[in-house]
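What follows is a set of structures to go through.
Two complexes follow with chain A in common, the first pairing it with chain B and the second with chain C.
Right after this comes the complex of A and B.
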């Protein structure tokens, strides 16, 4: 089947079998290997991407179902090679460890902090991560990373407000 | 990777979908959060998937006449959990939708899919049964409406597509709540309970519906418990006593837990749900 997607802002016309999963198209068809395959049954969250701005598991979505949708992968967050605030804060807090779960974590958490004023509590962040498994068991540093990212933005906003007043 | 081969079709209307589903081996694909796992693991089979997400008539939440909510089958769990009409009018349903802790599954999984998932306990059926909702279906015989009690006893007819549900909303009389203990690995309910209650002036239960899943052989109303509690107080002691008075074979073991444990857990969850409902 011919499927038309938008992937990371660019049109992508792909040929996919009806039983092809989006994660297979992204990795094997388009070479976007930042999205990982862990469990392949929707439990581990290493394959999380965003579909029209919502985080979804790309191993639980047929490529055909994504027809006409905007798909964002880890390669498409941030400007070029610049890290987003969230990625920078996860790096600073050592929230990556072995790194295998990180792309999925970033794509999932990006939805949680999508609102500029988002300031999720620790329980809210931990609950949101229900769909992302880290087998280095490094959730503490991930939680601190999310809170740091939100604090960085709040500080930026406050600084901008002060600058505007002056 | 899914090793089974199947065709994929995406009809634009309900009529086309029903016609396509008439063929042997055709299955409804909505959010796919259970079906695609089953096809991947080999627990399910299909020769054709009929993707119903292009059918606009299956979307949306709206008030339907006096005191009813119409909820389209394609409403996602995330939408259901956040919808102001559902949260105000049928809070147990919003809580049940939110009870799947995985945000990515909530973003794609749908009301209809959760109700139709066969062979496993899911979160929404208890809330739908406790709410005394009706389930609208389309099938080869045309449109059909199933009461919550018929759904609880008979399940869904083969080959039918759930199109919507209708939930009675009586904000000032009935109060509802949902409680769940999740299996930690899969997030499916070890046991989940939904209640809807109305209370008399002295705080005794004047009307009661209690539904349970996980602890029993299938999702069901607990009429025996309801009868014992009706007309009296619904504190933890009374609720647990009512559960202990049930036939011994009512509860069944599952997910590594004994029948005795699950029966007790169902009682505890019911007591918690009733306490929260009463406080609303």
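Right after this comes the complex of A and C.
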């Protein structure tokens, strides 16, 4: 069946089986292999993408269910190949080791900090991350990365406010 | 010549160069590989844990859409079984056969008998992964079920189901270390004796990336290429070419693309590796196989799994005089590539940890059962050792009414006693255990726990504190020493450094990262030693075509094995530059100075050459003496004189909810000593991950088999991994005791912090429940078990 999607800002008309999972369409059909598959049951979170700005597990969604939606994958994050402030903060905190869970983490956390003024507490960040498993980092550097991203924005805002006053 | 101190880049938390690519999702893992004309393989695993196969009907599968090939064991009659290369050292052992007289492991496909659920029986290759998966389900196998045994202690009993003809009573080996007579005498004479029966449960390593393999046979050249998620491409090349496929070594290349974690699972030979190569040759197309999570849980090596009776003897005033361990180690259905060594030496020789004990003895019955094969898991052997010792020490402290910290303090190996022979086979290289121990206690606020306990009690929580110390043998290793441990292979490491005419540097090592930031740290070592900008250093590894032979990454070895190989190679580069400098500056060699990437005649830095200028001069080789060869290209193979022994002290504070029995780790302090550290950012990240892994074992993880041998925790719904909300931020500290066994003074680091957390938390839980008379709770310490202990209901606590 024909499914019309917007993928990373561009229209994508794909031919998909009725039982095809969104992750299969993204990886096999569109060659967007940044989205990973780490389990068969929707637990690991390595396949998280955003559907109309909300993070979803693309292994738990049929492609047909995404008809007409805007899908953002790790390849579509940020301007060109520039790292977003979240990615930059994760890099600064070394919030990735083997990297297999990382695209899913970034997609999930991008929603958490989508609001410019987002300031999630440590428990909120940890709770948010329960859908993303990581075996390398123990999550510490990831949580610190989110905190750093938010702190960087606050600092930027403060600097901008100071500059505006002057 | 004078080699001055260069920069101090080592020890700096420089940014991790791999991270940007990973954060953009641009790294290529096996599952992401696409070769032109690629076909897809699926594997049929056994439904039964133990059965005779009376027939396989593949006709329906062969007729399904897209199917290119269906194969069973009969199709691979000429292929040798996989070998096992780490046998229990120094004792009689029994293995399935291999035609070269080596210990055998398993055939590429099982034909007559299957020995665990998931045991590979047949494969399908089809145009798409879905077609292959569908066709595999259409294969009909006529099984005749056989009796099943899943526990090592039961497998060696008379009358137990027999797995392998060549292994009487399923006993791979009875292995011992230490002084039995002296230990038994000390125990008999001891004023106090404490005992525990422990189950160090089987766990599943669970890297986030399941394994995968792509085989590519090139008909034109006759070359095979294997792309696989492996920790050791060179070893896999040798074992596959020489001992499985029987093809020329020259014809096989093994490449590890980006590997998504391993924790001990990806250093092994698995049937899928020869299968994709053989089927690629037969079909003249690249063949790809990628595992599922449930597939991984039923095929990839699992960890731990010891049942133990352990005994400690000591004086009334706190001096430990003897430790004894009897362990039943479950090897699974087949010996994995190195499983038997993991289950014996790594555990047995480590049981006394940081303590100076007069006599110790360990005996291990390593047995085959109808479960997935056993292998290493982050901290393997050493974690089991630390668990038994640290649980015993706490029980002993309770028995004699002395603070557990005081008992430990009294028995630590004194700093003056190094090198220290632990009487079990290890000679500890260096250490200052007292400094490490006191630092951890101080950071954790150990002295102030009474007030915290009272405060928690007011909130309906029971607070407990637990200490665990450890020594973790690392730096595998000295090849001859490893041969004495039964390793059939060398365990050295290598490095090649090429200096390009531009002054850029290519560092190639035999190791292979599975997520340990090798490109960053190895560039950092080379740049530090050569006094150049790390940005000009490129690191290559994990491809047998490019890299000098090496053993890969395992046992926290890469920094303390490949790191020294890089440092020694850099020294050769510097020496050669200085020899050329002597000719260029027309001074004796001992008047040439190499400092911070510059070469000059003593006292004349102004007319010196930069590293890049020297590289270009030696590339041209104009007017240089004949005895100095052109170019800069040096290789070192580093075989250390002995292992290295990192150590540490961890303190866990838990709160137990009196209503639900839930255990929360509220504070965790870790002071680890890995000698000189190259990049603290990498090491701290690994320590945080390791502790979390250890907390997983003690609180939630367990591979559970039912009596028929079905793994009932075969996906991530039923097998619990720690999530972000399960752990607090940890408090990390370190002490630094360099090893004398390599020029960097570096000890292993990657997995060491997985060793003590289970013991620290178990001790903390027992501490919290001590007034109820609870002396032990088996792992995983679930809310149910704790609730039962709180409510005096039998079934969990001793």
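Worth pointing out:
Operating definition for what follows: the second predicted complex is superposed on the first by the 165 of 166 C-alpha atoms of A that agree within 3 Å, B and C clash if a C-alpha of one lies under 4 Å from a C-alpha of the other, contacts with A are read in each partner's own complex, and residues count from 1 in each chain.
Everything below uses one rule, namely that contacts are C-beta pairs under 8 Å (C-beta built on N, C-alpha and C of every residue); 3 or more make two chains touch, one makes a residue touch a chain.
Here the structure is a predicted model, which is why all the values come from computation and not from measurement.
Residue contacts after overlaying the shared chain place A:110 against neither chain B nor chain C. In the superposed model, A:72 lies in contact with neither chain B nor chain C. When the two structures are aligned on the shared chain, A:83 is found in touch with chain C, with no touch to chain B.
Contacts of A:1 after superposition on the shared chain: chain B is touched, whereas chain C is not. In the superposition on chain A, contact of A:100 is made with chain C only, not with chain B. In the superposed model, A:62 lies in contact with chain B only, and not with chain C.
Legend: residue contacts after superposition of the two complexes on their common chain; A:147 is shown touching neither chain B nor chain C.
When both complexes are overlaid on chain A, the residue A:44 reaches chain C alone and has no touch with chain B. Legend: residue contacts after superposition of the two complexes on their common chain; A:36 is shown touching chain C, with no touch to chain B.
In the superposition on the C-alpha atoms of chain A, the part of chain A touched by chain B in one complex and by chain C in the other spans residues 40-41, 43, 127, 130.
For chain A in complex with chain B, the touching residues are 1, 17-19, 21, 24, 40-43, 45, 48, 51, 54-57, 59-62, 64-65, 67, 108, 111-112, 127-128, 130-131.
Taken together, the chain A residues at the contact with chain C in this complex read 31, 33-41, 43-44, 46, 73-75, 77, 81, 83, 87, 90-92, 94-103, 106, 122-123, 125-127, 129-130, 132-143. Here chain B touches chain A in the complex through residues 1-2, 4-8, 10, 29, 32-33, 36-37, 39-41, 49, 51, 53, 78, 101-105, 107-108, 185-187, going by the rule given at the top.
Remark: chain C residues 15-16, 18-29, 31-32, 34, 205-210, 258-261, 263, 292-294, 514-517, 681-682, 685-686, 688-693, 715-717, 721-725, 727, 729-730 touch chain A in the complex.
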